[in-house]
Each structure stands twice: as structure tokens, then as C-alpha cells.
């Protein structure tokens, strides 16, 4: 009975087959270069990729309701640049205020996208494509094409990304923030009404409306949250890289979407889990971190990354298929 | 029936009119519902039944008329307001969340929370209770996607029950259920009535109405015809009220010479679904296929049609073994399938009726490469008229049709192709008496023209009345063949027999 | 600073002869008005002498980059000094395709000169040839286009000069022996590749036998990727002594990583002083003891005057042509390494703790 | 009354002035004319036949991909690997000329083959592993194809095509004021439009995009059609590659970056929605010219590209939003 249960979870759980794919990748990398599995490297990796990992959560919400947001890179730039400029021009802005400002700008950006999608009935990919251009253009214009260099950013702000004070010295602050987001989302999606209604809306909008769910509000919420997280990441970005450039985070949306999809989030909505997204984002982080480590030609790295992504998703499909086939065979017997 | 004092009227609709672009779906209709009664709503396809219940449940706003609930006039601005007023609805077309569990489907919109935290255990427990009550054979943790249409329908019913409403509306809940499951539903409905809940019950099955309802309201062509006590109106009069003329519910079966063998299936298996299924069908013959829900009749037919790939077995067309790996292969060999799920598999709802009908034959109508729109239009018109589809023009969208008329379009689509073997999976599901008679008529005609016909159905009278031979399936195996002089009990016996008896 | 005293590469002069640093920040960022009297410009395109009222276009590599912005600033300043009209165009992305499109638009406006910081050495050739056929003077600055598609190139510093300066810096910082790595931008960036090639050639010399270039890593001028690459270098080469990044983003990323980790590895390369100020200093907590760059404002300024000289016929772009570039003084055209001709602004300028405070405010 | 009278169903093409004039294409045409009027008012250089034709070249080159992207979007899918296919096929073409010494004509054939092969591979993966979303597969191949181009060329460029006059003329050559490429585009656009709207193949694509399952049950070979569509997408990317190399005279692994989004914008503004089964070719073609000429006009008055980004982004959103804002009010009343 017990064993049967384990098999059943295995069958129904994309996450486990994903985990196996990930372990395979890790094994190969470690075999090529044992440094990969050192505490220091893992900590570096998580610190650097906490941004992408946080964004993957927001993207997951958006994908769950059947939308997509490719403007996040631009939103990060706009919000990060905004807070960096404020800090540059007003010495002594407290770190918290700067963070809140960035988050606020991101939230507004997200809500605006939500407004256009929900009220203007613009397909998400178009709306966010449009806003991607608008926000990026505004970032350049707002900063007058300048960057905010490290020396103009308050030390306390820069130290946020390197410090460990949130956990009293245990974990890097970036990792802490990232983990907090994951825990929060896990709880939120599983145990709150709004969380479940996001799934319902993505699974069948019409049915959700018949059930009396305000699907417009849910959509607003998803895009707003995506914007809010982008704003947060904007602040973190400036902190971790100790500077703000107009072109920062350009193209990050593709990595984030890839994280989600590798993690089993369906692009047509309704399906996806926080655990899956965590694994998916982790795989992308591993690829980014490890490819330079394994000592292959620089020119081969991109091709290899593409190949690994393809192999990972195909392997995942194959394991899923064999599990299903096994189940059917067992049912036959 | 115990004699009591006249129960109070809980819901009353007066002069309701609902217009859709180009269609008057409801024309000043009346309806009233008493406390603790089961009230049946009948009428032909497109008569406006579903529209009326959508007005009641707040999906549509009437263009004229009043809704009076508990003596007070109400305007429902949305489904939530109606639901809060104690009205629960099971819609005709399943409105489920395919990716979510059964429990979530039941509770979405009114989740069980404590301090803002969802009580999963409680939700699963309550759902399992409801499912048990309904006699369902699946669990609250199953995903909807993995359930059959019938099972999904049960979830819909559970959903309405979970709301503890004063008024429950069921729009053709039995269309996808077997007799056995329907019986389960009757019991539940009666229990609800006894608790004082009022039920509006829409069905094209007279047995449903006679079994359950105390009163019946009839609509025809968007108009109110009358409300009758069920024990005071004969079936004949009722049909006349609905159709506007005399119709018999006879099966127009013509005895025919059995022609050559058109299709033979040998030892067809699909791992995990069915095993060693063998049958054949001749020209001019109607093979009825029946069984309980989950007997895997649909999967067998999908394999024959090439929509699924069987794990083993051979299919012979006109005596020759053929490879069927895709529906197109099946159609090339003259095999056509009318799918069970018309909305999802049968129609492109955004397309016009005409385009839907001619889609499988655009190549034949054109010159193989180019389309020929003129030929498509005239073919579509001919077929749509032949099947009496209730529409203004072949350019009407398929989604604007009522359920039964959609089914007619699907049949028309099938008839467009040049076929020898026609497989019909639940061809009369959700079809009104008039249309049903027409479909039987068509099936007989087709058999008369030399088509070999496989008819999958859960309705015993239909199976017994139409078939030349009857194949009964149980849990993925053929449990036996019967002749049409068998009784319903014979079928039920075989349908519940788990071991194979390869008698011919 | 022993390493840099070698014959060619000792930059001693202050980088800008044009004006005091503090004033420059006030220069207008951009001037993109359509020329009101364009009719005048088209009347006598061949008229020699006098550049007043003529239109000079600058096509930088991409928008949103302060380095390009400073180039534009200098260019604008020069053109305004001699009374011309200026157009500055910045493609959305640093691609040759966008630049070609913009060249087409500039040709349609019948500008008199186009100065372009090429995103690709060869790819602009057909478009620029067309422009030249239409009578427009074409020159490149900062990042060259091939000789067939330009009259002259305005070079910030000779490629060999830069290569030599960087090799000497590496030699100095490693103490004459040990491993170093290069962190470049994209593998496609032509100026980066030229500098790296030049470094490789110089390293052949006996003198540098004990220093070893272990890897050229590419951060694609993306911050996150540059950080990954830096960390990988540190982990893969525990004995690494120096990272040399001939690109600002690479330097910033490496500087940040080295500083955060308190690594003993030293950093040098080519970077904007404003961005690098944080990491330049004496002592172990500063990863970068010194680095090089030139003054982008001066490149723009020189390009402006070069364009004027081409338009008014003072020069044709041939070797030994001379002209006066405003406050910068007299310049002579010399033969370039790619068989074209070029004007060289001067040797790269060294930024170190003694002057970084002053320059970080300028660019 | 008692007679079971058969209903008459009309088969006349419905024509209503309202729906006719509410068509998206008219709206687009209006924007298109508006933009042209505006452009000719703000720049004296705009209304020049030569200038305009030259300008069309700079956006038509990627519009070739839009022709096939319409097909991909119609079946409800997306291909974001197109720009990488441009890069890879151009690099292989250039190297087969420069390194392998193939004659230029043959190199062009190689280019088309490589492009089609890349597209075919996308299609193969997608049809073999139907569980996978097109977005993620083409995202993977997007990285892979450009990565292969990088492996082939490394940090080099492959060039020298300016000297092959006939080939260079693909982009730069003209008959009168009309560039060859314009003619090529017009011809291919007509062919592709014809295929989409007048052939059974095109109609089947609409069916697939509208309801894949129903299409399959109607006997349409869905997977085969998808394979064809993705191969076409690769082929047209290779066509773009040919013109791109003719334009630049050389190629590198990082050419055509970001083309996929430009191309998708063109299609979507043209009314080809990303959820499949919607839109038509006329709209797509008008939109290609609308966006292209708007950019050109703004370029002529030297609008900063930062501002241009904002303008184009806003246009995209407003244009798609505008028609939705009106009928909504009408909907409320029912």
C-alpha cells in the first residue's frame, strides 16, 4: 500500500522527474569540475540568480492565468534606475525607502499592464511587448542616458546584497529574500482563496466567472504582483551590482520564462507549482553558473546551453511518458 | 403523493424576453417554481430552456420581464448574486477546471477557509462525502482531466449540492449518464426535494420527467406553451405541445438484407484501456454497442478511427487488413466517427455552421489544392437543411446554436464525407424528441443505403430499437453479443459481467 | 609604476585639452532638431570651404550608454563651435542592422557628413558606400569600419598603444610572472578583438615569457554573465593574479566580485572612471590599482573637426593631410593598421588613485 | 402548421455595412494613411519615391519572416527561434562560400536548406513531443542555433560579398526606383496570402488554430501541417538571411538579434492574434508597412530612439486596444 502510494506520487509528480533531470546535470558538472558542488560556489550561484528565481515566481502567476509578461526586464530597469537616481540625487535616503520606491514603481508598471490587458482587452504578449519598449525607453530618458556608478550609491544599500544580517549571519540577504518569496508563494498559492482562484481562472475563465470569481481582479493581481516583484528585483539588482545601467536586465524575461516552463508551468494556464518553478529556476541558474566552470570553449557555451535546455525538457517528457505507460500496464494487469 | 396544502411559490418569472443578435431566444415567457417541487422544463432543441436558466442564474440579463424571488423583485447582476440568493446551477456544458482536483472544482468560489487559510482536509472530506452520496467511483483528489465526461457531469452535480442552495437548476444532467447513474441522481434529487429544496430539471428524456417531476413547463420556439401536472398529461399530448405536431417515438427500423462485411476488428487492445476487442459489422447492418460508463467503448471507437493508436490488433476493411494511424487514414478507408464530445472534438465553435460541415471534405469540393467556396456553401446548405438545423444562415456561428442543433451540425459534417462505415458515439445525447426521431430516421436511411453502422449508446431503448446486433462491453472487454429481441435485463447482466464470453 | 614606463605607452598629459572637467557636465546632452534651413544645405553640396550651416551626423553604437553620450557631447561641442548643424542618432540596440537603417535615413536627409562608431567592421560597407556615392563624407570613430567604407578613422589611441599599455599593466601587477585572464565583452566586438590580438602579439616577446594568458572569457557586456565569468575564472584558476577587462561592464563586474570576495587578484583594463571610481584605490580593499581609457568627449570633439575638415576640403583622408581640431590643436593623418588611414587622439590615459576623484565627475 | 416543414437556411454571404466597416483592416489602413500624412507634414524628405522605396527595404528584409510567422500564429503557435535561424543559415552560407569555395548560387541554396532544416527540426521536436509548448522549444533552439553559428565562426566575421555585384543587388539593386527586394517581397506576400486564404492547406491551418482536436477528428493531419509550417518558418528566415547578408556584405553569429519580437509585433498589429485561428494576410501586410514607415518618418526628423521606443510601444498598445474600447459599451446594454 505504502509503496503504491510512493509510485503514485511519482507518477503524478512532474517535480520528481524534473529533480532527476537536475541531479543528472549536477552529476555531469561535478564530474567535470568538483568546484561546482562547493558551498561557496552554490552560495555564489544562489546569490547571483536570486533575482531570476524571484522573477520566476511572478512569471508563474502570470502564466497560471494564461498570460505572459515579457516586459519584466524593462520594469526592472525602470524601477531600479528610479531608486538609484533618487539615491544619487538625495544623499542619505534610507535603504528601506529606496527599496520601497523601487517596489512601488514596479507595482505601478505591473498594474498599468494589468489595466491594458484586462480593461483594454489587449493580448498579454502585445501589451507587454509594448510596455517593454515604453519602460525601457523611459528608463533611458529618465536617466538621460547616464548610468549611476557605484560611488554614487550609498554603502548601506550596496551592502544589502553582500550582507547576511537578515538571518543574523547564516545566509546571504539575497538568498534570504529569495527563499522568503518562495515560502510566501508556496503558502499563498496553496492555502489562500486568491491563490486557488488564480489556478481556477487560468484553468477555465468562463467557469471561474460562473463560480462568481472576479477574474478581472485576479488578472490585475497577477500582473500587479509580477510588477511588484520586478520592482523588488530592480532594487536588488542595483544593490547586487552596485550600479544602475539603463540596459540592465535586458532579455532576462526569456530566462525567466524558460525557468517556469522547465519547471512544469503550462503556457496555456492553470498548471504549475512553486516547487516546480523552484527546480526550473535552479536548473537555469546551474546552467548559467556552471557552463563557465566546466572549462569548455567560450564559443561552445551558448550552443551547449540550448542543447541542455532542449534535452532537459525532452527527458522530462520521456520520463513522464514512461511513468504513464507503466501505470497503464499496471492497470491492465 | 401525499396531499398537502398548496406549497408557496418561491420563484416566479413574468414576461421574460431575451434577445440575441438576430435571435429571439425567449419571448415573454412565464415560469413559476414552488418550494420543494421538482419542476421539469421541456422543449425542442433551441426552444430557449438553457437561456431561461441562464437568466435565472444571472448569466444573462433579460431584455424585458421580472424575476420575483420570495415575493420580491430581484435583478441579478452576476452569477454570484444569484448564487448568494440561494440558486445553484448545473450548466448544460460542463464548466469544470480541467487542471484542478475534484474537490477544488466543487469548492471553487466558496472555498472552506479558517482565518484565511484553506482547509484542504475538510474540503476533501466533504467532497468525498458528496461523491459517495452520488455513488461516484472516483476520489476527490483526482484531476478532472482524467475523468470521463460522465464523471465530470457528476462533479458538476456535486458542485451544486455543495452549495446547500434553495433552488437547484440542472440543465440536462442525465445526458451523459447511464441508467444506473441516472437512478442515483434521481434518488439524490428526491432527497433534496424532501428537504424542501426546489429543483428545475431540464431533460429530453421522458423517463426522467415521469420519474421525478411533479409539474412540467413546455417551451416552443422561444414561447411559453403551458405548465402541466405530470400526472395529468399524456406523453402524446406533451410531445404535441413541444413539437407542435404529432410525432411518434417509434424506431423507424427497416429490416434489411445483411450485405458483405465492411469492417472487422480483431483482438484490438490498448494497454490500460481495453483488451482483445473483436467485432465486425456488415453493410446495411446496425451494430449497437452498449455498456456502463467506463466500459471503454469510446476508446475502442477512437482506435478504429485512428485517433488513438492501439497497442495491438488488426483492422480489416472489406476483408483487407489496413493500417490506420490517423483519422485521415480511417476516412480514406471510408470510416467515419461522430464523436461523443461535440463541443470539443466535433466543432470549431468560432466557425460558421457551413465551414464546420464542409471541413472534412474541402479537398474533395475543391480541386485538391484550391478551395471552392461556392461548392462548400451549397453543400453546407443542403446538409444543414436536410438535418433541419435551426439557424438563419449557414454563416451563423456554431457557438450560437443550442446544444441539440450543434449535434445536428456534427451529424451533417459526418454525412458530408463519402463513407462506408459510420461510427456514432452517443448520437442522440442531448437531442430533443423531434430531432431524435430525425436522427433515427437518418440512421435507418443510411443503413438502407448500404452503410455499415456502429452505434454506441447508453440508452437501452435506443439500442434495442435500432440495432441488428448488440455488443455489450464491460471494463474494457467484450462481455457478449445479443440480438435485438433481448431485454434490458439481458444487457445489464452482460454489462456487469466482467469475464469475456466470446459468443457471436 | 615600472611597467608603464616602456617606450610607447607612457601617457603623461592630461586627457583633455579642451576644457576644465567641471564645465563639461553642462554641455547639452543632445541636439536633434531637424535642420530648419535644410534647403540651403542641398543647394550647393559641392561648395568648398565653409562648414557653417552644413549638417553633421554622428551615429553612435547604441542608446542609453554614458560613454556614447560623452562622445556625442564632444561632437556636438565641436560642430557648434564651427557653426554647423548637428544630428546625433543612437540605435536602440548595438547592432549593425539598426545602424544601416539609420544611415539610410541620414542619406535621405542629405546630411554633409556622417561619423559612425561602427557596430561591425564590415557590415556597414554597402550602406556607407552608398552614402559616399551620394556625396556625403564618411568617417568612423572609436570603433572602426573597414577602409573601403570610410575616408578616415578617428582612433582614440593606436591599437598597439592600447595593447602595449594593457600588457605592461598586467606585467606590472603580476610582478612579471604568473597567470592572468581577459574578460571581454562579446566575442563579436571588433575593437575588443583587435586589442586582444594586439596583446597576444606583444606577449610573444621574450620579456613577457613568464606571464601566461589562461583564458579569454566573454561576459557579453551583460552584468550577470560577466559576474558568472569572473567567479568561474577565480574558481578555475586559483593561481590567477590579474584579470584584464578591456570593457567597462566587464571591469565593473569583476571589480565588484573581487571587492566583495576580498580577493588578492588584481584588476586592470579599460573602463569609464565614473563607473570604476569605487574600485580604484591603493591598498588591498581596492581591486584595481590603475586602468586606462581615453577621453570620449575628446574623441567626439576630434571627430567633429575631422568631419568639418573633410567637408570643407581641408583633408581628403589621405596620409599626411593635416588639420586643426579646435582646442585640441593640429592633427596629422597617418596610416592605420587595417591599411586605411586614421587620426590618433593620443595615448591612452592612465587613471589611478591620484586622479580618479577628479575624473569620476567628468565621465 | 402540422406539416414537418423543413426550414430554409440562407447560404448567401452575409453582408452588413457595419461589420464590413468595423473590420480591423480598415482601421489599420486608417492608421497607415494617418501616419503617412503625418510623416509628410513633419519631414520634407519623406515624400520622395526613391527615399520611400529605399526605406521599405530596411524593414521588408525582416518582414519576410513575418510572412511565415503569420502561418505559425494562425495555428496558434509561436516561433521565437527565427532570428537565430537567420544567423545560423547566413553563417553557413557565408562559410560555404568562403571556406568551402562553393559558388555563390549554390551557397544561397545551402542557406535555404539550412534554414528549412532548422525549421524542420523545430517542427520535428514539437510533433514528436506534443506535450511541449512551442514557446519553450523554440526558446531552446533559439539559443542552440545561434550557439552553433558561434561555434562555426567564433569571433570572426565572414564577408566579402560586396564584391559579388549580382548578389549585393538582391538588396541594393533597383528597377527604376523599385528595389528588387520589394518585388521579391510583393511576389512572396501574394503567394503566401494566396496559400493561406485560397487553398485547402490554408483553411486547414485556420481549423488547427481554432480547435486542434476537432481538426484532427475532421481528418486533418495536424502534426504534418505543423511540420510544414515550422519548416516554412525556417525557410523564410533563411530568405531573410540572404537579403540581410546582401545588405551587409558579411555576416556574424550575432546578426538579426531581436528580430523575432519585431516580426511578432508586425503580425499582431495586423490582427493576427497569438491564440490562433484569427486574422488575415492583408492586415499583416498593412501593419508591416505601418510600423516600418512610422519608424522611417520618425527617423527622418531624428527622433531619439529612446523616445521612438516609447512611441512604437504606445502605438502597438493603443492600436490593439482602440477597437475594444467602443463595442464594450454596447455589450453592457444587453
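We call the chains A, B, C and D, going by the order they appear; numbering starts again at 1 in every chain.
One rule holds for everything that comes next: a residue touches a chain if its C-beta (ideal position, glycine included) is under 8 Å from a C-beta of that chain, and two chains touch if they have at least 3 such contacts.
Keep in mind that what you see is a predicted model, and the values were worked out from it rather than measured.
More inter-chain C-beta contacts link the pair A-D than the other of A-D and A-B.
Between the CA-based centres of chain A and chain D the separation comes to 30 Å, rounded to the whole angstrom. Rounded to whole angstrom units, the spacing between the C-alpha centres of chain B and chain D is 43. Centre-to-centre, using mean CA coordinates, chain A is 36 Å away from chain C.
Across the assembly, chain B contributes no residue that touches 2 or more other chains.
In chain D, the positions touching at least two other chains are 150, 154-155, 304, 306, 308-309. In chain A, the residues that reach two or more other chains under the touch definition are 140, 145, 266, 299. Listed by chain label, the pairs that touch are A-B, A-C, A-D, B-D, C-D. Only residues 43-45, 48, 51, 54-55, 57-59, 150, 154-155, 157, 159, 162, 168, 171-172, 244, 247-258, 295-296, 299-306, 308-309 of chain D touch chain C when the two sit together in their complex. Contact residues of chain A toward chain B in the complex are 190-193, 196-197, 199-200, 202-204, 206-213, 266, 270-271, 325, 327-329, 331-332. For chain B in complex with chain D, the touching residues are 19, 61, 63, 244-246, 305, 307, 326-328, 330-331, 337, 339, 344-351, 354, 359-360, 362-363, 366, 368-371, 377-378, 380-381, 384-386, 388-395, 413, 417.
Per the touch definition, chain D reaches chain B in the complex via residues 1-4, 6-14, 198-204, 207, 210-211, 213-221, 277, 334. Within the complex, the chain C residues that touch chain D are 30, 32-34, 38, 63-64, 87-93, 95-97, 100-102, 104-105, 107-110, 120-127, 129-130, 148, 186-188, 190, 193.
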